[in-house]
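Presented sequentially are two complexes of subunit A, the first with subunit B as partner and the second with subunit C.
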Partner chain A sequence: MTKKSTKTITYIFITIAALISVFPLIWMIIAATNRSVDVIAGKLTFGTKLLENFQNLLQAQPVGRFFWNSCKYSVITTVLALAVCSLAGYAFEIFHDKAKDILFTIILTAMMIPFVALMVPLFQMFSKAKLLNSTVGFILPSISTPFLIMMFRQSARSFPKEIIEAARIDGLNELQIFTRMFIPTMKSTYAAATTITFMNAWNNYLWPKVIMSDNNAQTMPMMISNITSGYVTDYGMLMLAVFITTIPTAIVFFALQKSFAEGITGAVK
Partner chain B sequence: MAGNNSKKMSLNKKQNLIGWFFLAPGVIFIACLSFYPAIKALITSFKTGVGVNMTWTGLSNYIRIFEDKIFIQSIRNCFFYLIIQVPIMLILALILASILNNPRLKFRGIYRTAIFLPCATSLVAYAIIFRTLFANDGYVNLVLVKLGILDSAYNFLTHPFSAKIVIIIALIWRWTGYNMVFYLAGLQNIEYSIYEAAKIDGASPFQIFRKITVPLLKPIILMTAIMSTNGTLQLFDESVNLTKGGPANASVTMSHYIFKKAFEGVTNFGYTSAMSFVIFIMVAILAIIQMKAGDKRD
Partner chain C sequence: MKQKILSVLLSAVVVAAMLAGCTSKTEKAATEPASESSETTEEAAAESGEVSETTESGDGTLTVWAWDKSFNIYAMEEAEKIYQKEHPDFSLNIVEVSWDDMQTTLGTILSSGDYSQLPDILLMQDFAFRKYASTYTDFFTDLTDSGIAFDEFAEGKLGMSMVDGKNYGVPFDNGAEVAVYRTDILEQAGYTIDDLTDIDWDRFIEIGKDVLDKTGYSLVSSQAGSSDIIMQMLQSAGGSIWNGDGTPGYVENETLKKCMEVYKELFDTGVMETGNNWDEYIATFTSGKTAGVINGCWILASIESAEEQSGLWAVTNMPSLPGVEGATNYSNQGGSSWGITTNCSDVELAEDFFASTFAGSVELYDTILPGAGALATWIPAADSDVYSEPQEFYGGEAVFELITDFASKVPEFDMGVYYTEANTALATAVTNVCAGGDIDSELQTAEDTVNFDMGN
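After this line comes the complex of A and B, so read on.
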């Protein structure tokens, strides 16, 4: 094979991969602007029915409330998870000794516990504590995850010990060293952690399905799932709903894309 | 000297204590919301009964699993997804990452963003997009009929085999870019000059891929393999929203079936807990095998 043909094949391959990756999303956006019949007919150009679909959606579902719920749950989860897990990951690395290393290994095994095993006991615990249909109920199980703790522990490894020593001599206490030295230096790790945690919280479907029986407390993923359970589906309206559900994760993804890659690079070193 | 030493000791002790305070919230959350309920579920799995009136039953729940045809079907389905989807996805992600790692590739940023884009979609959202695309009146059928590949629309989601294949296609679409980012990150740690040198020595792209890229990325490949295995054995959103487990449980996953058993109809938490522990054992065994296999090739 000549050098040139290798190059051509490479470009063809990667272009096809990129097109396949993008097509379903573009199709979704186009469908959101068309009537259901046009979507079925395979219309691939933007239509003018976006507003109409939006009005139909507002009539069919309390989109505003679900959207607000999802935002509220995801933002609070992300803030708390980052605070708790970064502090733990930092401590596991900076103050590590034998006992803490063993504890860390035990914590890691929690990654293997499937969520369906926890679902029923958690449901029973939370219904006893009157946490069903509540924000606290949604966020509690996602605040501390072994994966995030591991990620912050890994990146704390590259945090220079001299900075800590110098800060101690300057009279900063340990918490100040963490908040004023560690957090600002580890921006890209925090960005990667934000992306992962926000997306997981926003996408969470199984857990809210278990505890959010009250219609007022439901989320966007639950809403779009419910729309499809009807007999006749309005594809234009459905794809608009799917599109709206995708916007927040897409924004987080694009805003933090560059730091995400950097943060992951730091974590896999 | 002695005084100085003891001062240092007490300082170490103080820092050690602060360390425990720092990690306490994270550890307590995991202990209360993962380990405690997991132990509770394990105990429940040896009990039987409806609601809170439960009595000890020994291993009967675990024996019942082997007689439950639908659960066995769901195990088969998960392994079908695992064996076909995970290797295709990881190899594809590796190839794409090594292409995108070339600094001389034109429009690199655009390609990278495009391929990573599916990760920005919510799981339920992409499941519904694929459900719509592969529906009887969906776009895929429209194109296949127009191209003359099919005579009339084929209902992918109501045939046992094609329903599973649609799930696999959807999973590959959603997760290839995600794994690619891990590989690209790993490749950043490898000097590009190694590749240049190999090229000058006359190595073919395939040789470079096999002899340089794969060995150097081994730890990350291992990590992504374990994560994907874990994720595939716990699949839920796709089964619920893409195929609804159908037709007739032909594509149902273990988590989906356990959820149905736990919250729809007459519930027996003892039996559902036993089933969920089967997933735990599978995840643990596969993780150990993969780590062992990863060590061997050193």
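After this line comes the complex of A and C, so read on.
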């Protein structure tokens, strides 16, 4: 087989794979412009009901408030999680000793505990602390995650120790070394961590649905669940809601995708 | 030295964050109910002003959890308006919680034992009501002597929210079984709606084969992997999946076996079309693959979503189970009831609200019937003129009156405490039977599964 024909086959394969991956997204957008009956019937062409679906959605659900709640929770969670976990990962690597390694193993073990197992005790605790239906209640369980700590620790491993020594000689204190030397060098790791944390926080569903029982505190994924809960589901409206819910995570991902691949592998430039 | 201090500090931050957020809260919650740290957080939260209590006490506001904005929540809002006429200070805080979400939330709240987060009132699916009420005996308020006139509700429906002879729920919507057919397709095959009224499943299959031959349309559809239609057949024939002592009774249950045989024949002959999921099921009749639908009357709203088919549909009763004594053409699918929780801030107010609205206001049902198609299970509501109004979508038939009549003839059905488990096991059996499995052995497996689920 010639080199050219191998390349052609590869391209055909990749194109098909790409189409299969993108199809649900395209279908979602098409469905958002059609009537519910047409969506169910499997119509694959754009319709003219986008505005109507949008009006129905606005009428049925307080989209603005839910969208704002989701944005607020996700941004705060992301900022705090990055601050806490990067500091932790840095400390575990740069100042490591035997005791801290044991502690790190314990933290990693926590990754294995499924969230469902923690839900009831967490709920009891948050209820006693009167943190239900609050922003603090939403973000607290997710600002320190073993996965992010591990990711930052792995990245810190490739951070040259000589830089730290040089900075110390130049008179920087430890916190300054972290903020002025480590953070700028680890931009790609931060980008990857931002993408992962933001997506997780935005799509977080199980925990908020347990603690957010107030209409004013609910989020976009909960709104989607509410739309599907009736005797009759308006699929056009539902797909539009899903589309709107996807936008912020898509923006974050596309804005940071360049650094994402680098960051996830822990590269230092 | 400096390095060491910093490293200790940083590690402490992480451990503190982990304690607060992730790992060790199990012990913390269990052993230190009033620890200093939780008090501190409490203060912080109070300062931020974000905490809102689920229930507000004594100010005439009741919190309600319900799903479906255009049906249940709409009905509750209308009830609120009616009650406000006499009680201007009364208001409801209705929180939209989907049924699936509610189960997760209730599961967490009830197993944590912290009932303070329960709403005052909540809507509960009929098939789950008794399970919750009997598993968590302190979940619902006993309404037996509340002054609500329970004798004015359809008996079959009332039983869904009763445990040990006590009333725990106020019945709400009606799920009486309807058979709805496309008259234009029937006409092509030489039939009318009368030919499908008061028939049994043998005759149905006969007509179904003929319609399929002549028009290419199946006469009914169902959702693959669901046993709903079997349960509906069973109820119509006065059967049960439970023995008198509450144990599952699948094996040597002749009525159930007959239902399975009918189902298999419907499937094998092509008279019944199957959709792989709920959406596909809806599509079978809205986008014209089948000429009929047999389900609870709430399915009408889905049928009506295909506006261009207005005037083509007609409603009648479902086929009866042949060869079974006492078999009727009436059954029920779905429906829900309202419950007042033990966390209710003002039980008397909640009871009076229900006694004056869902269990006492013809005006309410007159509003929600045309507004949402919500049919009452409160018998006095059916006398209203609204019920006899002709419906254009069904060729001018007074369908609501008809369905109310069907509802009054539905045989009582013991859903049991473990209905969900029983239904799932039956669904597996049905799927296997359609794939060629033996009915008796599949029913045995289903019974064993339910026994296992129940811990027997």
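FYI, the second predicted complex is superposed on the first by the 252 of 269 C-alpha atoms of A that agree within 3 Å, B and C clash if a C-alpha of one lies under 4 Å from a C-alpha of the other, contacts with A are read in each partner's own complex, and residues count from 1 in each chain.
Following the convention adopted for this analysis, a residue touches a chain if its C-beta (ideal position, glycine included) is under 8 Å from a C-beta of that chain, and two chains touch if they have at least 3 such contacts.
Since the model is a prediction, treat every value here as computed from it, not as a measurement.
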> Once subunit A from each complex is brought into register, does subunit C clash with subunit B or fit beside it?
Replying inline: clash
> subunit B or subunit C: which reaches more residues on subunit A?
Replying inline: B
> Between subunit B (first) and subunit C (second), which, if any, makes contact with A:Val210: first, second, both or neither?
Replying inline: both
>> Touch test for A:Asn133: subunit B only (first), subunit C only (second), both, or neither?
In response: second
> If you stack the two complexes on chain A, which partner ends up touching A:Ile149: first (subunit B), second (subunit C), both, or neither?
Replying inline: both
>> Applying the document's definition of touch, where does A:Ile102 land relative to subunit B and subunit C: first, second, both, or neither?
In response: neither
>> Is A:Ala166 touching anything from subunit B or subunit C once the two structures are fitted on A? First, second, both or neither.
In response: neither
>> Looking at A:Pro141 after the superposition, I want to know if it touches subunit B, subunit C, both of them or none. Which is it: first, second, both, neither?
In response: both
> Regarding the shared-chain residue A:Ile16, is it in contact with subunit B (first), subunit C (second), both, or neither?
Replying inline: neither
>> By the touch definition at the top of the document, which applies to A:Leu58: first (subunit B), second (subunit C), both, or neither?
In response: neither
> So, does A:Ala255 touch the first partner subunit B, the second partner subunit C, both, or neither?
Replying inline: neither
> In the superposed model, where does subunit B crash into subunit C, at 130-138, 166-174 or 220-228?
Replying inline: 130-138
> Hey, what residues of subunit A end up touching subunit B and subunit C alike?
Replying inline: 40, 42, 84, 87-88, 90-92, 94-95, 97, 100, 103, 107, 110, 113, 118-122, 125, 140-141, 143-146, 149, 174, 206, 209-210, 222, 225, 228, 235
>> Quick check: in the complex, which residue numbers of subunit C touch subunit A?
In response: 2-4, 6-7, 10-11, 13-15, 17-18, 20-23, 25-26, 28-30, 33-34, 38, 41-42, 44-46, 48, 50-52, 54, 65, 67-71, 93-101, 104-105, 108-109, 111-114, 116-117, 119, 279-280, 282-283, 286-287, 298-299, 301-302, 305-307
> Quick one: in the complex, what on subunit A touches subunit C?
Replying inline: 36-37, 40-42, 60-61, 84, 87-88, 90-92, 94-95, 97, 100, 103, 107, 110, 113, 118-125, 127-136, 140-146, 149, 173-175, 206, 209-210, 213-218, 222, 225-226, 228-232, 235
> What does subunit A use to touch subunit B in their complex?
Replying inline: 1, 6, 10, 13-15, 17-22, 24-25, 27-28, 31, 40, 42, 84-85, 87-92, 94-97, 100, 103, 107, 110-122, 125, 140-141, 143-146, 149, 174, 178, 199, 202-203, 205-206, 209-210, 220-222, 224-225, 228, 233, 235, 238-239, 242, 245-246, 249-250, 253-254, 257, 260-261, 264-265, 267-269
> For subunit B, which residues are in contact with subunit A within the complex?
Replying inline: 15-16, 18-23, 25-27, 29-30, 33-38, 40-41, 44, 92, 95-96, 99-100, 105, 110-111, 113-126, 128-133, 137, 139, 142-143, 173, 176-177, 181-182, 184-186, 188-189, 204-205, 219-220, 223, 230, 233-234, 236-237, 240-241, 254-255, 258-259, 262-263, 269, 272-273, 275-277, 279-280, 283-284, 287
